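Structures are listed in the sections that come next.
Both complexes shown next keep subunit A, but they swap its partner, so subunit B is in the first and subunit C is in the second.
And now, the complex of A and B:
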C-alpha cells in the first residue's frame, strides 16, 4: 500500500504540474484577430467597430449586463434631483498612451463635441479631478450616453491616430489593412497579458487566433479544436412594415415560423424574437411570444385581395436574403404574396437593427426613434419597469415592425486562446482582451 | 342590238380566255405539286424532329439517372443518412448540402428529404426546408426518371426527376432531383429553318388567342398526338405525361408554311404576270387579227350600209383573195345587179305609172267627155229634126256642157295641185288644235240629213308637244285622211282621231270602222293614182304621204279586213 501510495503521489504530481501550468496566465505573445468587417478610420462614429474601440479608448462609465452604470475612468458621480447637473470624479493615475496623465481638462476637451452634439447647449467644467456637466434641461440618460464608445476619452496627434487610455495602444495602423495594438504598460488596470494584438480587417483566415463567423446557414470549415463563442445579442432582425394594412401585418406575423429560421438559417446561433428587446435585457420577452398560426393567418386574409408585396433586403446580405425567402414562403402559406427583392425600396423591409446598449430604457428609446415614433418612448421611466413593457407593447401593436431574430456576434477561437470567457464582460457587446492570454 | 359583241372583242375574249385558262391550269398543277411536296417534306421533318426529341428525352433521362446515382452514392448524402439514423438527428447543418450537390452534378432540382417527408435541404428552393414532400414515399427508389411539375419560388417548372432512397444503419434518406426541361432543352433539338418547337406546360398554357391554342386545348382534352394544318403552319402536338399519366406538357412542332405560301404567292404572281401578258398579247393579237380579218369585213359592212342607205353606186374595195375578198366581189356584183334591176324597176314603174296616169286620165276625162259628146249630138239632132225645140234643147245642152267642162276643170285642177305640192312653211303647230278644227270642219257633212250615222271620237293627248310643221299642209293631210275614212264607211260607223305624245314624237291617228283593207291594198295604198274607190283620183293618200315625207315624218297604216283601218302619222317634236 505504501508503494502504491507513493506511486499515486508521483503520478498525481506529474499530471498536476502541466495542468497547473496550462491554466496559469502567461504574459507575452501576439493574438491574431481576423474580422470580416472593414474600416478605414479609427473613429467609432465612422465605421470603427465598437467592439474594438474600448481596447484603445475608454469611457467615463460602462454599462453592465443589467444596464447599470459602472465606474470606468470615473470612479464615482453625483447628480442633482433634476438630472441637470452631473459631477464626475476621475480615476487617479490614469495615463494616455503617450504618457500624458488624464486630467479633467483633457477629458472635457474630448467629451465636449460629442456631448454638445447630443444635448446641444451644455456646460462642461473641469476641476482638478472632477468634471462638472450641466445643462438647462434634464439629462436622465447621460450615463448611458457616456458609456457609448463614441464618448470615449481620447486625444489625437499627427503621429498617432488615436491616443486613448485603454489597455492597448496603437502600434501600427495601415488604414483598411492592418491594425497592430501593443500592450500599454502603464494601463491603470494593469498591463494586459498579451504583448501584441494584430487585427486584420476584411480577413477570414481560419488560422487566426480569433475570427468572426457570420451567422447564417452557410457552412464554414473551421479547424479542429476551434471553439465557437457567441456574444450577447447584437442585432435584431426584423421586418419593417411601414405602410401595409394592419390585418395583413398581423397575418404575416402569425404566418412566420421563427423556430426553423433559428434552427436552420442561424444554425441555432440566433434566438427567436417576438419583441424588441432580448429576454436578458428586458426580462419579459416571453410575454410577447406567439406561436405561428398559419390557419388563423389565412382566415384573417380571408377574401382580402391585395397586390403582391415586395420584401427588400440589403443586396449584399446573403443571410437576410435567405431569411427573406423563408418569410416569403411562410407568407405564401397564408395567402400573402411576398416577393423578396434586393435593395431598400420594398413595401416591407428586412433589416438588421443593432442593439447598442445594455440599458433597456435607452435601447427602447433608440428603437422607437428608429421606427419613427420617438414620442412613444416619452412615457418611459427607468424607475418604473412596467412603463418599459407598456411602451414596447404599444410599439409592437402599432405593427410597424415584426421582430424575427436576435443575432449575436460569433467568433471562432483557436486552441491557443486562453481565458476568453472569463475576460468577456457578461452582456457586453465589446471585446475585452486585456485578460486574454495565449499559449506559445 | 346595242349589246352585240364585235368580232374583235370575240377574238380578244377567246385568246384571253385560252391564255388565262392555260396559265391557271399550269399554276394550279404546279401549286398542287409544290404543296404536296412541301407537306411531304414537313411530315418527314416533323417525324425526324419528334424522333430526335424522343432520343434527346431518353438521353436526358439517362443523364439524370446517372447524376442522381452519383448523388445518392456520395459521402455527403451518406453522412446525412447516418445522421438521420442517430438517436438525436440534427439536420439543420445540412441546409445547404443540396445546393452543393446539385452544383456538383449539374442538377437543377435536388432535395434531401427525411423519412417523414420533411425537406432537409432543397437546391431549387432553399427556403423550403422543413416543408413536406409526401409524394416521395410512393415514388421512392424506382430509379425511373419521369416528368414532374416542380414548384419553385418564382413559379412552377417542368423537370425530369428521379428519386433514390438511401439507407445507412437506421437512417433513411430520400434524394429527389433532376433537370429542368426548358428552352435550353428545346434549343438542343435540331429544328430546321421554318420549324419552331414549343413546350407548353399545362400550368402555363398558351394565350387563348394564340394560333396554337386550339390544338393545345384539343390535346389537353384528349391526350394523343395530333397534327393540324392551317394556312400559316402545320402543327404537330405531342402530349407529355408525368409519372401517373397526368398530362404535364405538350410539345408543339410547328412547321411554318410561310415558305410554301411565298412559293405559292410567287407562282400566283408569275401566273398573273403571264396571264396579264397573255391578255395583252390577246389584245394585240385580236387587234392584229381584227385588222386582218375584220377590216375588210367592216369595209364590206360599211359598203352594205351605204347601199342600204340608198347609195347604190357604192363598191367594196376589198381586194384580198380569201373568202372575204370573194365575198366583196360577190357583193359588188350583187350591187351592180341590184342597180340594174332597180333601174329596170324604175323604168317599169315609170311605164306603169304613165299607164296608170293615162288610164286614170282616160277614165276621168272619158266620163265628162261622153256627156259632152251626147249633148253635142243631141244639139245637132235637135237642129236637124225639131228646129222649134232647138232653143230649149240648146239651153239645156249648153248648161250641161258648162257643167261638164267645170267638172273637167276640177279634174285638171286636182292633178295640177298634186303636181304643184309646195315646200312646207314650218312653224310650231299644235296637232290637237288642228284635229279639233278638222273635225269641226266635217261636222256639218257628217251630220247632214240622209247621211248614214257616223260617230266621232276625239281622244287627244292632255300634254301635247308642238311640232315644227306647215299647219296648212298638216290640216290638208288630215282632211284627206278624214275624207278617206268617211268614204270607207258608206254605211256609217265610228270615226276616231287620236293624238299621242311618245318618245320625242307626236303621233296623229285617224281610224275608221269600215271594212278594212287587204295587205296587198295596204302596200299600194300610197301609190299615186291608186284608189279602191270607184270615183277617187288616187291622189288623196299620195298627197298625205307627200306632206308627211316633206315634214321628215312617217306614216303607217294598220288594217284588218272587217275591223277598219288606222292611219298613224308621227312627226318629230
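And now, the complex of A and C:
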C-alpha cells in the first residue's frame, strides 16, 4: 500500500549534552540515592518508578520540556493524515545491556503488549529497521503514549529482571531494598559519567548524595552544605467530589483557604491550585484564581440541611491527612461538616494526581478521564490554548473536583553532586543521572 | 589577509530562529482578537499585568502598541468608572513560550482570548571591555570546533557525527555539503573534537577517530579508529578513548586542555609543566586558550569560568606575570555554558562555543583581544 500525504515529523536525531559551569565533567565514582518510595518490581509497566526506569530502559521517543516529541530510540517518524498509520525508523547501532542489538523485531515484541492494552486491536509490523504501527482508529496521542516509560523497550531473562538500552544497566537488585546500576559502556549516547548508582528505596536518611524530600510532615533534617533542588510543580492535590450536590461543592470550594496550606503545610514549597494544569504548563491558571469567601459559602449553604460528609485520604499519607484536617476546619466555618477518614471511600476524596508529561493536551485528556468525562477533552489543540482553557473551565464547572495545590519534586543534593540542574533540564519528570557527575 | 577576514567577521549577523516574532506584531494580533470579541466604538478600560520575565521596557512598549492598535480597531480607551468592557490583558508564559491572555468583562459576562507568541532570543550580553566576541554560527546540534578558510568565505563545522561545509554568499552562510563521520564507538557524553588545517586540507581529531579531509573537488573524509596526535598549546596531544580528556607524552595526562605550558588537569587544577599549581588561577574552568595579546609581548590566556548563574559561564583574559596569573580584562558574561574553547587558525583569535541556556542551541563565536581605550 502506498502511503500518501505522509508528513515528516522529526528529521533529526538531536542529542542534548547539558553541561553547566566551566568545569568539564569527570568520569568515575558512585552516586548514592535515597528515595522514600518503595517498590518491589523492575517492570516499567508495573510499578517501577517512572522517574528511574528511563535510566535503564528507553522509549522510542521522549517529550522535551515544551511537551514536544523528540527522537530517542526512533530517529524519525512519519504518519498518515488520519494518524492511523505511523512508521518509526529505529536508531542504528543501539545495543541492549546483554550485547544484543536493538532490532525492529525486538522492539515490536516489547511494545506490543503495552500498545494493545492502550489501543486495543493494533497492528505492529517490524521491517528491517522500521516499525509500522497501525490501527483502524486514529491515534493522535501515539507519540505522547510512546514517550511514557510504560512503553519502554526492554527484555527480561531468567537472571536479569530488566534488560534495556539505557545509559545504566542493572548490576544488582534486592527487591524493595537496593538497586545498583552500573554505567553501560556501549550506550549509544555515550557512556554515563558515573561508574555506579546505588539506589535505596524506602530510605528515611538524608546522608546520601541525593535524597528526596517529600513535602509535609516527617521532613528529614538535612546536613549542612546540602543544596535543595525543586522541580516545577508536577503533582496536583485535589478533592474529588463524585456524589455531592453542586451547591455544596461550590460552597466548599469557596470556604477553603489555600494560603495556610501552602505556607504552613508545604512550607511554601507548594503553590495554590485553582485550575487543573499548573501555570507553567497552561499559562492561564490565574484566570481561575478565586479568593476564599466564607461569608458567601455560608450564604450558599443557607438553610440547606445536609448530612456530615466524609473526606477520605490515603491511609499512609501523613501530608494528605494534614490537608484533610485543614479542609475540614475551613468547611466547618461555612457550616459544612466534613469528617476526615483514612481510606478511599469518602463522599469526598483527597487525592494526589501527578502529571505524567509536559504535554498539556495529554494531561488534560488524562485528568478528564480521571473525572470520568473523557469525552469533554476530545477537541483540544495545543496551538490554540483557548481550547484547553475552555475544556478546563467546563471540567471545573461540572463540580467534580476542587483543586487545592500543586507540589514539586524536591531533592537534597550533597556537595559532591555536580551538573544536576543542567542534567534535569533534559526532559521532564525523570532523573537524568546519566549527565550527573561527582567530585572525587 | 587574516585582518580582512576578521573585519568581515564583524559584519556577520547571527541568524535569528525563523519563528521569532516581534512584539509590535503581537500587539497588532492581540488587538485584532480582542476587537473581534467587542462591538465597535465600545468604551474599554485597560488593565495590563506582566507575569513573565519580560523587561519592563518591553512590556510597556507592548501595552502602548496594544492601546494604539485597539484605537485603530475602533475601540474607545476610557478611564471612566463605567466602561462598556473592562479589559484585562496579561502577559503570561507556559512551556511553549509567551502567552498573551485577554479577558473582556461586562457585568457577569466574561470572554477570554489568547495569543501564543515566540519571543526573539535575547542578544548575548555585550562585553564591557576588551574581549571582542563575534558570533559566527548557531545550530541545534553540538559544534565541537570550527574552521574558517579562504579569507573567511568558507566554513567547516565539526559536529558529533559529521563535518559540514558552508560558503558565505551575500553575507549569509549557505550549506555547501557535509560528510558523515563513521564512528565505531559512541562519542563521550561530553563530546569534544578538534579541526586542524593540514597541507592537503584538514584533519579531524575525535576520541577514537582521526580523519583526513579535503574540500576540493568535493568534501571528502577518510577516517581511522585511532587517536593520533595533534598540536595544542605547544604540546602534541591525543584524545583518551571514550573520554573527554587529553593526554600526551609530555606533559603527561590526563588533562582537559593545555595552553602555553599550563594544564587544566582532570582533577580540576591549573598547573604548570612542573606540576605546580598556578597562583591566581582560582575559579578557572577546564577550558583555557592562548591568544595573541595586542597590548603585551606575551600571549594572553582566555579562560572559561563559572558565572553567577548555574547555566551562565563567562570568559576572562589573563596575563602570566612571573608565573602568576593576573586578570587582564573584565569577565564577559555568556548566555550559556562553554562547551568548546579552541585556538583558531589565526593566533590572534579563539573559537568559543556555548550552549545557549534559553534556546538550547550551540552558538560558535570568534574571540579576539583589543587594548582598552
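Some notes on this structure:
As a working rule, the second predicted complex is superposed on the first by the 409 of 440 C-alpha atoms of A that agree within 3 Å, B and C clash if a C-alpha of one lies under 4 Å from a C-alpha of the other, contacts with A are read in each partner's own complex, and residues count from 1 in each chain.
Following the convention adopted for this analysis, contacts are C-beta pairs under 8 Å (C-beta built on N, C-alpha and C of every residue); 3 or more make two chains touch, one makes a residue touch a chain.
A quick note: this is a predicted structure, and the numbers were derived from the prediction, not measured.
In the superposition on chain A, contact of A:283 is made with subunit C only, not with subunit B. Of the two partner chains placed by the overlay, only subunit C lies in contact with A:65; subunit B stays clear of it.
By the touch criterion stated above, A:267 is placed in contact with subunit B alone, subunit C being left untouched. With both complexes superposed, C is the one of subunit B and subunit C in contact with more subunit A residues.
Touch criterion met: A:325 reaches subunit B, while subunit C stays clear of it. Those residues of subunit A whose C-beta lies close enough to touch subunit C in the complex are 12, 14-27, 65-67, 185-193, 279-284, 286-287, 358, 360, 382-386, 389, 421-422, 434-435, 440. Interface of subunit A with subunit B (complex): residues 217-219, 257, 260, 263-265, 267-268, 322, 325-326, 328-329. For subunit C in complex with subunit A, the touching residues are 51, 90, 92-96, 99, 101, 103, 112-114, 116, 140-142, 160, 185-191, 242-245, 256, 266-268, 284-287, 303-306, 310-311, 313-314, 337-339, 355, 360.
Remark: subunit B residues 92-93, 95-96, 125-131, 153 touch subunit A in the complex.
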